[in-house]
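Let me begin by handing over the structure; questions about it come next.
In this document, chain identifiers A, B, C and D correspond to the written order of the chains, with residue numbering beginning at 1 in each.
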Amino acid sequence: MSKFNETTRGVYLITVTPFKDDGALDLASTDRMVDFCLEQGVDGLTILGIMGEAPKLTAEESRTFVRQVLNRVNGRIPIVVGASAPGFASMSELTKSVMDLGAAGVMVAPPPSVRTDDQICAYFDMVNETLGPDVPWCLQDHPGATTVQMSTAVVLRILRNSPRCVMLKHEDWPGLAKLSAVRAATAKGELRRISILTGNGGGLFLPEELVRGADGAMTGFAYPEMMVEVCKAYFAGEVERAFDLYDAYLPLAKYEQQAGPGLAVRKYILARRGVIASDAVRKPGPKLSALDIADIERLIARQERKLRALA
Amino acid sequence: MSKFNETTRGVYLITVTPFKDDGALDLASTDRMVDFCLEQGVDGLTILGIMGEAPKLTAEESRTFVRQVLNRVNGRIPIVVGASAPGFASMSELTKSVMDLGAAGVMVAPPPSVRTDDQICAYFDMVNETLGPDVPWCLQDHPGATTVQMSTAVVLRILRNSPRCVMLKHEDWPGLAKLSAVRAATAKGELRRISILTGNGGGLFLPEELVRGADGAMTGFAYPEMMVEVCKAYFAGEVERAFDLYDAYLPLAKYEQQAGPGLAVRKYILARRGVIASDAVRKPGPKLSALDIADIERLIARQERKLRALA
Amino acid sequence: MSKFNETTRGVYLITVTPFKDDGALDLASTDRMVDFCLEQGVDGLTILGIMGEAPKLTAEESRTFVRQVLNRVNGRIPIVVGASAPGFASMSELTKSVMDLGAAGVMVAPPPSVRTDDQICAYFDMVNETLGPDVPWCLQDHPGATTVQMSTAVVLRILRNSPRCVMLKHEDWPGLAKLSAVRAATAKGELRRISILTGNGGGLFLPEELVRGADGAMTGFAYPEMMVEVCKAYFAGEVERAFDLYDAYLPLAKYEQQAGPGLAVRKYILARRGVIASDAVRKPGPKLSALDIADIERLIARQERKLRALA
Amino acid sequence: MSKFNETTRGVYLITVTPFKDDGALDLASTDRMVDFCLEQGVDGLTILGIMGEAPKLTAEESRTFVRQVLNRVNGRIPIVVGASAPGFASMSELTKSVMDLGAAGVMVAPPPSVRTDDQICAYFDMVNETLGPDVPWCLQDHPGATTVQMSTAVVLRILRNSPRCVMLKHEDWPGLAKLSAVRAATAKGELRRISILTGNGGGLFLPEELVRGADGAMTGFAYPEMMVEVCKAYFAGEVERAFDLYDAYLPLAKYEQQAGPGLAVRKYILARRGVIASDAVRKPGPKLSALDIADIERLIARQERKLRALA
């Protein structure tokens, strides 16, 4: 099995959390979703992230969902669990619980309350202390969701201070310059090699990020096969083919990436593909209109035509 | 016993959560703090608010602390519990649990993600649905902490749509005009009477707010007797005496109200007064310097002189 | 000549402000840029917007630039000038000055200081009073730049209260639902017909917005012919062709839309196309790296291949 | 005459900008206000700051007002002019213009768009370049107005990089720790001596800030004599008397410090004291209600009683 460490490459899919129409956790769909991801060739899964509606679950539901995913995966690929929490006591409790269940590691984003470079770095010193020497973790750099802007200098400081931080989830936007700067720091011997998976919604800059040295993607998209194939083509040296594949999916990826409605779009398509039984999103959450669905159906039809032309 | 309802008057103290020096919950100090509050004459307690370091507790610690306070109070005064949560499933679970333990009601603030009037009102429609017809609750209007700015029109809409919202915790700043507008709406028959307790840190505008029609204070301060005595004097018609008492405490209240260090100041004074055993604040949290402590000691000495002059 | 009013359709290009390498205004390039826009078939120009680096010009430079553009256009198409200002005295002064020079109207966005529905509407009442009955204006709804979130209800209130507001620059993101709601209000007779031009960077949702009833685009892109051709095809009933054209440009539009570097990308391409002499951006502003330029060149080459295939 | 440099001590009053009832600049009141400030013993004036409604003036009105103040002062005390601007071209133009008129220096705050340590420092490098070697300037650290949080490390970096920055306007809140840290840096030889004037509204922490090493205050208050007397007493070694004086004014200072209504309170009192002819505030701006005025009158009456007791 692939490992969650500094050399990780490929696609870690951010999964949704499937609900039934009445809002209850849907464990059968959870199993089906795991199977689907494995069939599409993803290299890992990330669960209980923002797009997984984690804050809308009770603590007990979170545990149930994590357990279900880990059981179904059964060690075939690594599972990373979102462990951002308003306090270190909860972060510690959650981390211990999911590592005991078999998670490969956790992912942590900074809370909105930290602003200056020193505040951000001090926060991650406490994260290090909280997670301890045995838990590999991923630093999530996602100012769009957290409002925390980490300069390249801060990211480098955190990575240097955090021996167990093995991965950067690169989700700043625009962020290509930061990605290049982190890779350059390693090239100059100023930073050990770390894994960088990119997370701009649906992989919206995936090929440009691969060119800059990303190891792959950690994000969600209703067509994970796009990210798998683009990475495969790129790492096989077929750069233009990677771009061609990606371009075929871009119009729909762009549509699915809309903050807010995006999650409903993703669940609609996953339900349409038979992966999950219901596209229910818990409140407060978006609902699709008939006009939204017409948009999606047109984009899917166009996408299928383009893929046939590429095949 | 006084009730938590639309007619509530007096002082609901926002308590701290006492920790031992090692950061563990200090249940003996919790009991002593409850006794102290009752001796000072407060009319109710509010626990697990922001100044109670609620987000830094695990779910289990929260339950333990609530249980300890409720047991010690033993029905002598109403206890309100902060129930703001990132999702409605957690809010429902927490509310059910504390009401079962004997809480008088809960307090809810909007999440930072709601911005427009319609978003805020829709959020509280879901709060109503979540809390149901049996749980009286307090609307917390605290833009300084939540970043959500509720206009007077929005506060009135929420109060009209929420039959079980019995109290407004008025904590907008500056907010005197809003307070007057809510009272005027009731005077004009546009809104049923509700209780308004004010919450500007340490009661920083308490006498002005009483003049505008506030029913008292819901906030924290290391000298709750100030708020109790100011309210008593004011409601007894001794307006200038209410201002005199308040003015004697204002320099220290102002110092304790500093966002960030304020909680450490409060715990320092409570420990100094023998109420809690340790002034420990959980990380991430403020620490006092020697200069801070010198400031506090000077302000306490000056305050004691003024109170002797007033006696 | 086409008019700037409630029936306006087509493409209003947000122009850049050309500088020489030393940062001085480049009036020769300004003329060439105007000629280029007219050749590409745009229906109007919008100058002194955010992407025009308006805040980096002195008052005198702004006047010079406006005069130069108006002289070169010489009445062939309408010119709209950004008139957002920190105070109404400046807004009034600027508006009078550009209308006297021959502008067709102005564009106003709300300042970051207004938050609640009532604050936003009160602000635009003052805008109405300031601009008076003779100046047609465009309401810019761009929360990404202003941080002001206007709900559909607020947009409708402003449009109803503003008899001279003839156009909505629709730039909220995601904003398709709001666009449909404004059109529905007119269909139901709740709002007079207004022009809606969309502004998501480089027309990033242009075809979807046309489907929702937009009248065209008001945004910047180094290939204005894309927006012109997409609108023409769409309004001629060739919907799939409109999407095909758009898809050919999308990868580069997406790249140019990056907040920050985007302006440098746009000026780089305009200089490469011979429209402006220098790609200089005034400080503080972005600079392109060699890696950025390699990205752009690849995307241009790919775009040209796709356009040949479509021709 | 006292100088505006690294050794400046005392009170620089942030003045209001007087308007007539119809909103026009009131130059007669401007003269009277200057005379009043000189009579009260202030050591300098700061004009065109936020509380001076600078953004609501046209460029021409700003020049007129600056000229009027400088003429009336006629070199008796230094005048500092707010020069924060959205672009460096405007900052340069404004600075040159006011220095030519006889200003002692300018004051600059960072724009809301800079967030990370590196962005803030890079911004002030450009400020240095823009202002040049001949203009002494004051760094305004006021996150409440700018949203820019500058850590102590960043303030020290800016001061080290800026040979002509002679003063820190210390307005972070809470900010006592930062003030102590800047003074400690000088004590340790890590930073040259600079002047620190504090600016928390109405001098709300003035005595505590003097204890920490502040050189005085740069802020506005309708009773500038309070700040003058507090500083004199403190620097004469009468520490408790400084606190006593301050405490007599604190309830009204607190009331005047309310963001929003505060400016209307200040102008109301200045008009009541005969300093300015009208309390008009330009739109958008606050208006006082009858209840507000009743509050102010009560606080003034109480303050006068306390001052008589102290005399």
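The definition used in the following text is that a contact is a pair of C-beta atoms (placed from the backbone, for glycine too) under 8 Å apart; a residue touches a chain by one contact, two chains touch by 3 or more.
This structure is a prediction, so every number in the text was calculated from the model and none was measured.
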Chain pair with more C-beta contacts, B-D versus A-D: B-D
Residue-number overlap at the chain A/chain B interface, same or different (half cut): same
Maximum centroid distance from chain A, chain identifier (CA atoms): D
Averaged-CA centre spacing for the pair chain B and chain A, given as whole angstrom: 39
Interchain centroid distance [CA atoms averaged], chain A/chain D, Å: 48
Geometric centre distance via CA averages, chain D-chain B, whole Å: 34
Junction residues of chain D, two or more chains touched: none
Touching residues (chain side chain B, partner chain A) in the complex: 53, 55-59, 61, 86-90, 93, 112, 122-123, 126, 282-284
Touching residues on chain D, where the partner in the complex is chain A: 115-119, 149-151, 153-154
Chain A residues within the chain C interface of the complex: 173-174, 176-177, 180, 204-205, 208, 211-212, 240, 243, 247, 250-251, 254-255, 258-262, 289, 291-292, 294-295, 298, 302
